[in-house]
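Both complexes below contain subunit A, partnered by subunit B and then by subunit C.
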Partner chain A sequence: MNTKRDLLVLFALAGWALAVPHYGSEFAVSMALTCLMYATLSSSWSLFCGSTRYLSLATSAFFGIGAYCSALSLEQLGWLGAIGLGAAIAAAVAVVMGAAVLHLRGTYFAVLTFGMTELIRHAITTWEKQVTGTVGRVLTVVPERDTVYLTVLGLAVLAILASILVRRSRFGLAMAGIGADEQRAQTLGVNTRLVKISGFALTAAFAGAVGAAMSVRWTYIDPATVFNPFIGFQTVLIALIGGAATLWGPLLAAVVFSLLAETLRLQLPQLYMMTLGLLLILSVLYLPGGLASLRRETFTMWRDDIRSGWRELRAGKAKKVPA
Partner chain B sequence: MTAGAWLELIASGLITGGVYALVALGLNLQYGLMRILNIAHGEFLMVGAFLTWMATTQFGISPLLMIPVAFALLMGAGLAVHRLVFRRLTRTSPNLDVFEARGLMVSFGLMFLVQNFAQLLWGGDLRGYDFLTEPVAIGSAQFAANKLLLLALALAFSAALIVTLKKTLYGKGVRALMQSPTGAQLVGIDTERLHPLMFGVGLGLSGVAGCLLSMTYTISPSMGEPYTVTALIVITLGGFGSMSGALVGGLALGVIEAVGMHFTSPSLKSLLSYGIFIAVLLWRPNGLFARK
Partner chain C sequence: MNGHPLLEARGVTVRFGGLTAVDQVSAAFAPGELVGIIGPNGAGKTTFFNALSGVIEPSEGELFALGQRLTGAKPHRFAQQGIARTFQTPRVFAELSVAANIDFGLQFAGRHRQASWLLKDETSILNLIGLAAQAALPAAAITPSQQRLLEIGMALATRPKLLLLDEVAAGLTESEIESMAQLIRRLRDDLDLSVIWIEHAVTTLLRHVERVLVLHQGRKIADGTPAEVVRNAEVVEAYLGDEMVDVA
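And then the complex of A and B:
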């Protein structure tokens, strides 16, 4: 029942997004592209990390691997081939990385994935400096704007479609089971290792494909731009603010963020980052389930919170005055 | 290599290692006691460094005088952050795992906030000032006086923290809380008081580290992040929650980096430290000195 409704919503949104390049200005299309990129990244991130509660910070590693693959192979393999290769190599790296680190939970996992991302970035920088003698690549043959847009739109639809379908499948239930209680899931016969590694690889494949598709937008790439840890942070941020356990939350937050980013970032980059930080703190503190969990009760909860805080403050003052 | 060159190499490693240890001790205090993995820790070091730079260049205050001031100011900031953010987080989180994940995200937010605030306030340029730059000769090796002072003060502060934790009643309470939170609460140790205090002390120490760093190196608003990462590496080396482990780990990492960089190339520095970090986490996730 819900699946049908979700599919309908997805179909309608995709149709609308399809029409944007025909009437939108250059600016609107570029904004829509950023929006779609983050929608894909954060939807696919929450597909694995939201349900299993493994906090991965490796998104930018996969994104960068995809971007480099497409930069190196675009001329030989063609557009779709380059994207496919980017996704495949990112997934392969995720399988290796996952096999090494997915037995660690919580903070260890988050810190390790972050460390590995940085290791890959520094390794590629060093390799470029020592072996090829240059830093960065220039992309000479670049597909048209509309091709890039349609590809990223296709990836976004695919990512959300995958989230809808996986949710109801045995695989999705196994991941949710791991998130709720890993030992129990194991006792009930879930091959947790296999499920975790394949889920991680699926996320990585999407990030790699998006990286491969987006690399042509920059025409010049270097490790500092495509492995920028900020891409990973922002993905996690969007997913968390939207609600990592929900289907539409990440998409909703991706739209809000792209609007905020494009309007604020150019004029006041520092202010944009500060807003981002503040929003992250506030959302973790006051909206731990994400934007998608916002209900009428949330507001009454906040009101009660403020009232009790106020009362505490006054009680504290009243106590201090006589003493 | 001559003995003097070796001495210089090892000492330069120990000097950076001393700062690593000081930053790592503060982070370890926060993580070991409260399970807050404060990614924004290095940013407060940067704030300490900039406060010192401002006081020295604009008001002509000696950087040495700024050490206690930086400690007090950042400790105040720590108390405020704990009161506003982490107290609520402790109350609303259903279990420790959730608290850890949320604390990590909050500290990422703090990192963005503080780093960009500093950039807005002080601009993105490199800054620095001269303080005690005359060389001192020890045997056949030569050192800048400010670097030796840095090492001595970093070691003194680290030792003071470790001794305080070992000897005083407060310190015993803190260590008890690290070993068994429930047990410590049962014997009457007040977490509501100790947690904010120790969070503040952690930030205060990173402020001192920043103050010391600004005496010798140039500073910039983005200087904090590498120190956070190094501190993470150090506390994984020494074991989460182990104070003497953090001191030894910090000094060891400084020396490893200095020697490794001398024999390969400086551009490999980060590759080297991330390599060590991942290897240690995979091989001994409880730290090199963990007792089984």
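And then the complex of A and C:
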């Protein structure tokens, strides 16, 4: 793995993104912010889920927890304090959630994380209705646009930096071992439970921080907005389409999809979701490694596949004709 | 050593629903022993191994490593206590290189353990198992018999005191089996490892081990030298048949 090259690419991209608020229009900055949000979410999701192959649908839970933390504590703790609190509470929830469900694999794990996300959303709705007598929060003091942008950019850089560093660490090796053969990794001395819970908490901390930073964009938040399962689904789709096992795949797909989302969603919202769904199916069937695994050979392979399929089809027809 | 056996099973029982796969098996293994476990299909050999390495928690009974209680501990604790195992079907990390597969054990259970110079690093382990030439290949690309050697190498990388080998000679040719047996003897002699070796090919096994446990329907029906075991009436009836007596 070429760590030096990865770091250089990261800093070059970050520098470029840093310049956006200075020359970009309001629309361009907002689009870049969406890109960065999904880049952070899907890169940090892949950091744990891509290597261990535990498919978590709980991203929107952590995002929403972060958003609520910042809505409740922004005035007392200040901007960075609120984001830190969002990350910490999201990570703490992930530890509890992970301890409860991380012994399950595959579909069971995915479904339970989704169920717990819904549980948290409804719990907060009920709590608001019963205890505080409101639904939602109004954020009165919000930081400037550029502050939000730079914060989310910082989180994106941190998420990718964390992925680069984790990949070359024992922690990363342990997660890769869990993804390949969990029991084998265990018999070679990996404390799999500890590794899984830590990885899950790390992912959640990033989602919580992003949620905390993004909440100020709405000025008014309620559970339906910030715990929107769509945020979780889109994170997973982006990571899978980009290639959850790769470093740059999730980032690449996040950029592509945020642009696609902003352009298509305004005019044709259904078309955007259909495109996303179609691309997911195609990538799972024909490109399981995601966009980042695309190589020249992939195209040659597809071409040969299509050719041989076509030939078989014609041969089949030719046989039928005499009969 | 503190006078305790390296690994001791006391009345270990494993049940799957109504089926008792391992039934009240007790056995102790001393440092430097080379022990074979034989028994017909379904006798509970692999299940017993799973219990000895923490992969399955026994329904009843206790496990001790050097006197320390390990019952109910997770497999990584067994590995950290110096108990390493291989699996019947090689479970190598197919996408990693052969060298990285070895490195995995060195990074985890083997990390802070004392090691003989033969297990000093990746290279020395690869030399020991004879896969130095394949170091850079992905583990998926080497032959099945090489994968079996790699399994042993991965286990050795945890720098164990006790090695549990589950049918490492299955599917190998006559000469490969012979060199596998040489390797296992060498591990015991040069590394002072205890080895417990399950094998379906009984004749091979009896030629190389010094002590044999015989499992039948989950129970231990004999425990002794190969010569004693092949003359044991119960073993002959249950499993070996008369012609086996000649072997030992």
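Just so we're on the same page, the second predicted complex is superposed on the first by the 305 of 323 C-alpha atoms of A that agree within 3 Å, B and C clash if a C-alpha of one lies under 4 Å from a C-alpha of the other, contacts with A are read in each partner's own complex, and residues count from 1 in each chain.
Operating definition for what follows: contacts are C-beta pairs under 8 Å (C-beta built on N, C-alpha and C of every residue); 3 or more make two chains touch, one makes a residue touch a chain.
Predicted model only: the values in this text are computed from it and were never measured.
*Asks:* Name the contact category of A:Ala123: first (subunit B only), second (subunit C only), both, or neither.
*Replies:* first
*Asks:* Between subunit B and subunit C, whom does A:Phe233 touch in the aligned arrangement: first, second, both, or neither?
*Replies:* Touch status of A:Phe233: first partner only.
*Asks:* A:Ala99 contacts which: subunit B (first), subunit C (second), both, neither?
*Replies:* Neither partner.
*Asks:* Once the structures are superposed on A, label A:Leu55 by its partner contacts, choosing first (subunit B), second (subunit C), both or neither.
*Replies:* First partner only, subunit B.
*Asks:* Using the touch criterion from the header, give the chain among subunit B and subunit C with more contacted residues in subunit A.
*Replies:* Touching more of subunit A: B.
*Asks:* Examine A:Gly177 and indicate which partner it touches, taking first as subunit B and second as subunit C; both and neither are also allowed.
*Replies:* In the superposition, A:Gly177 touches subunit C alone.
*Asks:* Using the touch rule from the top, collect the residues of subunit A that touch subunit B in their complex.
*Replies:* Counting only subunit A, the residues touching subunit B are 53, 55, 100-101, 104-108, 110-112, 115-116, 118-119, 122-123, 125-126, 129, 233, 236-237, 240, 269-271, 273-274, 276-281, 284-285, 288.
*Asks:* Write out the stretch or stretches of subunit A touching subunit C in their complex.
*Replies:* Result: residues 170, 173-174, 176-177, 180-181, 183-193 of subunit A touch subunit C.
*Asks:* Under the touch definition given earlier, write down the residues of subunit B that touch subunit A in their complex.
*Replies:* 35, 37, 85, 88-89, 92, 97, 100-102, 104-106, 108-117, 119-120, 229, 232, 236, 267-268, 270-271, 274-275, 277-278, 281-282, 285
*Asks:* Under the definition above, what is the set of subunit C residues touching subunit A in their complex?
*Replies:* It comes out as residues 53-55, 74-76, 78-80, 84-85, 87, 91, 93-96, 104-105, 107-111, 154-155, 157-158.
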